[in-house]
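First subunit A sits with subunit B, and in the next complex the same chain sits with subunit C.
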Partner chain A sequence: MTITDTFAQHPVLSADRPAQMAAAKALRAARARKGAIAYHTAGAAIVLFFAAPFVIAGLSSFRNGTEAQTAPLPPWPTAGFSVDSYRTLDSFGAGIWQHTVNSALVSLATVLLTVLVSLLAGYGFSRYRFPFKNALFVLIIATLMIPFQSILTPLFIILAKLGLNNSLFGLTLVYVTLQLPFSVFMMRNAFDAVPKEIEEAARIDGARDLRLLARVLLPLVLPGVATVAIFAFLNAWNEFLAALVLLSSNEHYTLPVLMMAVRAGRLGAINWGAVQAGVVVMTIPCLFVFLLLQRYYMRGLMAGAVK
Partner chain B sequence: MTSVVSSSPLPATRARGHSRRRRRASTGWRGLAYIAPAMLLVLVFFVLPVLLTVWMSLHNWPLMGAQKWIGLKNYTRLLSDARFLQALNFTAFYTLVVTIAIFAVAFPLALFVEKQRRFVGFYRTVIFLPVVVGLATASLLWAWLANVDSGFFSPLLRLLGLVDRSPNLLARFDTAFLTIIVMVVWKIAGFTMILLLTGLQAIPAELDEAARIDGARRFQRFRHLTLPLMRRTIALALIVSITGSILAFDQFYIMTSGGPQNRMISVVYYIFNQSFVSFNLGYGAALSIVLLAILVVISIAQLKLLKIGEERP
Partner chain C sequence: MNMIARDMSHPAGSEATAAAPSPSVELVDVCKSFGALQVIHGINLTIPEGSFAVFVGPSGCGKSTLLRMIAGLEEVSDGLIAIKGREVTDLDPSERGIAMVFQSYALYPHMTVRDNLAFGLKMAHTPAEEIAARVAAAAAILKIEPLMDRRPGQLSGGQRQRVAIGRAIVRKPDVFLFDEPLSNLDAELRVSMRIEIARLHRELGNTMIYVTHDQTEAMTLADRIVVLRDGRIEQVGSPREVYQDPDNLFVAGFIGSPRMNMLTASMQGEERLLLAKTVLPSPARAASGDVVTLGIRPEHLRLVPDNEEGLSAQVDFCEYLGGTQYLYCRLPDGQAIVAEHRDRATVFAGAPVRLGWSTGDARLFDSQGQRLR
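Coming up: the complex of A and B.
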């Protein structure tokens, strides 16, 4: 549950000093204890601020139908544990299960394609020379500057021409493209960090190109792959505007699009219980994936940021 | 190849030269083959749409019916579009406030979790949790928390006796804006914190120690050692924060639907309204091009200002 071991520990700097007097040592210990208490008090307040919204939503989502419409004070169910909110949520669209599967399919396909495409591209940019290399790299990175919201209409037109409108696969291709600048950048950095000597040794042993990539280099850039995969998953799982515009039939909606219907309410009344339940359904996979893979996530993120 | 070698007066040298050139050429193609799938996707789903956006921006392009070439009329129109200028104004204001707020929270947090000590990993993890949920999810969650009757904040304020009547946070501009700023800081600060943390930890501990031995105070060390050495990290975090804020949409759309008296329409929101609500696709495209130009200029200016462009080969 912690990310302690992810971060390089600072070496404790203990310069050679003459032996200190016991009084000085005791004074220092007392000061350190006071510092620790202040530190962890601040820590508790910080944890409260960042974790409370999740906890409140999670607990509140199990209150019964009438209680769900009242203020979450206290947030836990006082009239008995209930899944009313989830039942109400299930009554929207084509059922919560269908929309969860849609979201999962799009997210996993996005992960697979993003990893494959950025692995190849990162390797190409890191290890090969070819004409317009820097221009092409800048072109990929520069797409980061362009908001995809501004090109949604053309995207819709192009997908329709390709026969991919209103399809989860078409949406996946768009998501993969949106992931590419970050992912290619990450993978290029990951490959750049691999010493050339390792590759040369493998080449002498007869491994070339794709085999070299898969057998020798892939294990070395796995943290980068994990980062790319996690980011692809989270972004695809969480994205909603492109899904809203590009998916036109109800049964294809991903979770965030479904939630807009819940947020809009029925007959002018918003069922806040269903909103809480929806927030929980959309949040759990994100937290699960992050907590499970955060070691790779943080390591990759830091490597990417430092480069 | 063989004939060239045999007929040459200097066979060995010539052959080597040939094969080297050939290897370089084939290496070039192979490199291109590796990046081809990425390039194809970027071309079809990014470059082409951008070009199409430019093309559309020169037309009167309704959803149904024929498009009509109108040259730069969309662009002259937006110059005198008061609502667009207001959206630009609001977006600039929001970007400024939220970026300062994020840094004001994230930098102390980064310093807070920098040193290895007990529970520090736990703190980092919890602070980072909101980053991994979607902005749409976070907006939904906070829209509920800020709701006047069924939410958390207003009833809590009343319960604590701080107010007589539950304030409708999202109904007034000031409180709605504040709520959104707090939500975004809650959502994003962990990410900025981790970025800054990487910069902090990339500074060799020996340097800090040396400065301390030389008698530099904590603030002096921070000002003259930490900050300059973190320039690249800060630049990266700034670019992420500013560009992300300029593109803000979800929070205004989901939490306030554009805010009291439509005062919270960001640029992207206005483009969305023009393109997908009013279906002025051509005008929406022209607005998109302006937004795009603004972002490119800002990114270039930031890179130049912080002099990080030259460090990357």
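Coming up: the complex of A and C.
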């Protein structure tokens, strides 16, 4: 007797098969619908929760001149849209455009240098054998435990000696230094995840050194590079304390330092509209960078390489 | 180069040369240590042009390490390597005229199949038309033309392995190196890829070196098997030689499935031995009283009537495989013995049987495991 026969004679299943099947199908459909509703409701709630700060800041930055002077309650324009707040913002410091360019220069240079150095360092730590390799690596990671505020004074002195204080380039170097431990760690992990055989296949195919790195390995560690780039950009873009200490002239200020001035307001009166406008200006590049790179950040490129 | 020529005339250096055609790969006293751990102990080996050599041995015996040294992916600690009469010991992998297929395929995941195949040629600055022609030719040989614009992630395991082999073919190497290329495939695909690789060898005629721990793969593919154990060569020979004429117990036990029966016996006079309280003719001479091992393959055992020469045994259990049946038996002295039984007549567990063989099919080994002839 086969298994099918056994079921055919089973009393529960044999009674009225078509009707039973239809009922089971309806039940499954109802369950799937319920699941979908719950899923989308929860999703919508989470989106609302995370989008709210952006929406509030965005809307309240468009309140008109007099309204902008008051605390942002309710946080949307009640007397018509206006860009007064952005004009006010522009009147601080050397103009919002100048400070945005400062911030962008420092952040992009930080990203570039951090990626370049951590890519090479990560590759070296992952693939080469040299004396004190692990000790050096631990040392690099250990610097993450030192609060950077505590080395701000030495950094200031070093930059002064190098003639780099009050310069965006000096600030960039400081940011790269602060960013490197985490980035080297990330990149080493990324290279460790690339199977050795791929590199060996490339060596047999005649790719060596920088060509190997650029043509074969770089595409494979791109998710790591994206992560490093995102973190370097966000940290450099938002950094305040080092910028405040190391930059002394008005026209070199980055956006966070400018925002400090805006926040302090004139004659003690806080211009809430200008603050919100500044928040918006500062947020947009961050969102842009994240949206641009997040697909690499999320995607595992290794699929199909091995196994 | 001179040094190699001199060394190869030395008997130890020409272990595998038997009036062979020009050598394709020569290894002379090749050693490898990882730190203090020596894993390859002075390998001397010559692989003739156009042959299919298989390195076989248990896991961890150094097969991959040896292959990777030939490829140039691993530095040799000592010794010399020559490929096609050219000393390559310290050359870069890309300059040795080799191509390698890895167990894990090691395709470039960010490139299409076409780019995977073309990559090596691009690195060598081959003209574009020639790249296209060679890639197309390799694709035709492996029947992967419909896959050319896909990425490795969109391929099945068998297809990936084909691409990996294709990447080796386009390089037109002197020597193909395979490191367990079929281990990641399922059983059925493994058999068909095995046949494919054999066909490839026939069509291309290149020297191939193939590493596997699977003695079936070794037997079916090789024209020259190199049995390795713990970084040393145990025996080199054709599949027939290592199967029928093993030099020692290790080779005898490793080649052949199910394993050869190894029965402990003692010599009674120089030409007879005592095994499980029975005196039997010995397949080779040894000093009287010596403890020896009698090796006899399951397929050489047959059930014989009580009046014929043989060993009485009890069947512990039977494996029925359709065409054949394996009888797991126990001798009166407790030693286990497996017999292959091709007869229709079913044998049941618990049955007493009498196992006979012709003396010429048995092999004799001394207490050190070396073959006595």
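To be clear about the criterion, the second predicted complex is superposed on the first by the 243 of 307 C-alpha atoms of A that agree within 3 Å, B and C clash if a C-alpha of one lies under 4 Å from a C-alpha of the other, contacts with A are read in each partner's own complex, and residues count from 1 in each chain.
We take it that contacts are C-beta pairs under 8 Å (C-beta built on N, C-alpha and C of every residue); 3 or more make two chains touch, one makes a residue touch a chain.
The structure displayed is predicted, hence computed values, not measured ones.
Of the two partners subunit B and subunit C, more residues of subunit A are touched by B. In the superposed pair of complexes, A:203 makes contact with subunit C only, with no contact to subunit B.
In the superposition on chain A, A:220 makes contact with subunit C only, not with subunit B.
By the touch criterion defined above, A:28 reaches neither subunit B nor subunit C. Touch criterion met: A:195 reaches subunit C, while subunit B stays clear of it. Where the contact sets of subunit A with subunit B and with subunit C meet, they give residues 301-302, 305-306. The residues of subunit A lying in touch with subunit C in their complex are 195, 197-198, 200-208, 211, 215-216, 219-220, 301-307. Here subunit A touches subunit B in the complex through residues 1-11, 13, 15, 36, 39-40, 42-43, 46-47, 49-51, 53-54, 56-57, 68-73, 75, 116-118, 120-121, 123-125, 127-131, 133, 136, 139-140, 142-147, 149-155, 157-158, 173-174, 176-177, 180, 184, 209, 234, 237-241, 245, 256, 259-260, 263, 272, 275-276, 278-279, 282-283, 286-287, 289-291, 294, 298, 301-302, 305-306, going by the rule given at the top.
Interface of subunit B with subunit A (complex): residues 24, 27-35, 37-39, 41-42, 44-50, 52-53, 56, 109, 112, 115-130, 132-137, 140-145, 147, 149-152, 154-156, 159, 186, 190, 194-195, 197-199, 201-202, 205-206, 209, 233, 236, 243, 247, 249-250, 254, 268, 271-272, 275-276, 281, 284-285, 287-289, 291-292, 295-296, 299. Against subunit A, the residues of subunit C that register as touching in their complex are 71-73, 92-94, 98-100, 102-110, 119-120, 123-124, 151-155, 157, 160, 167, 171, 184.
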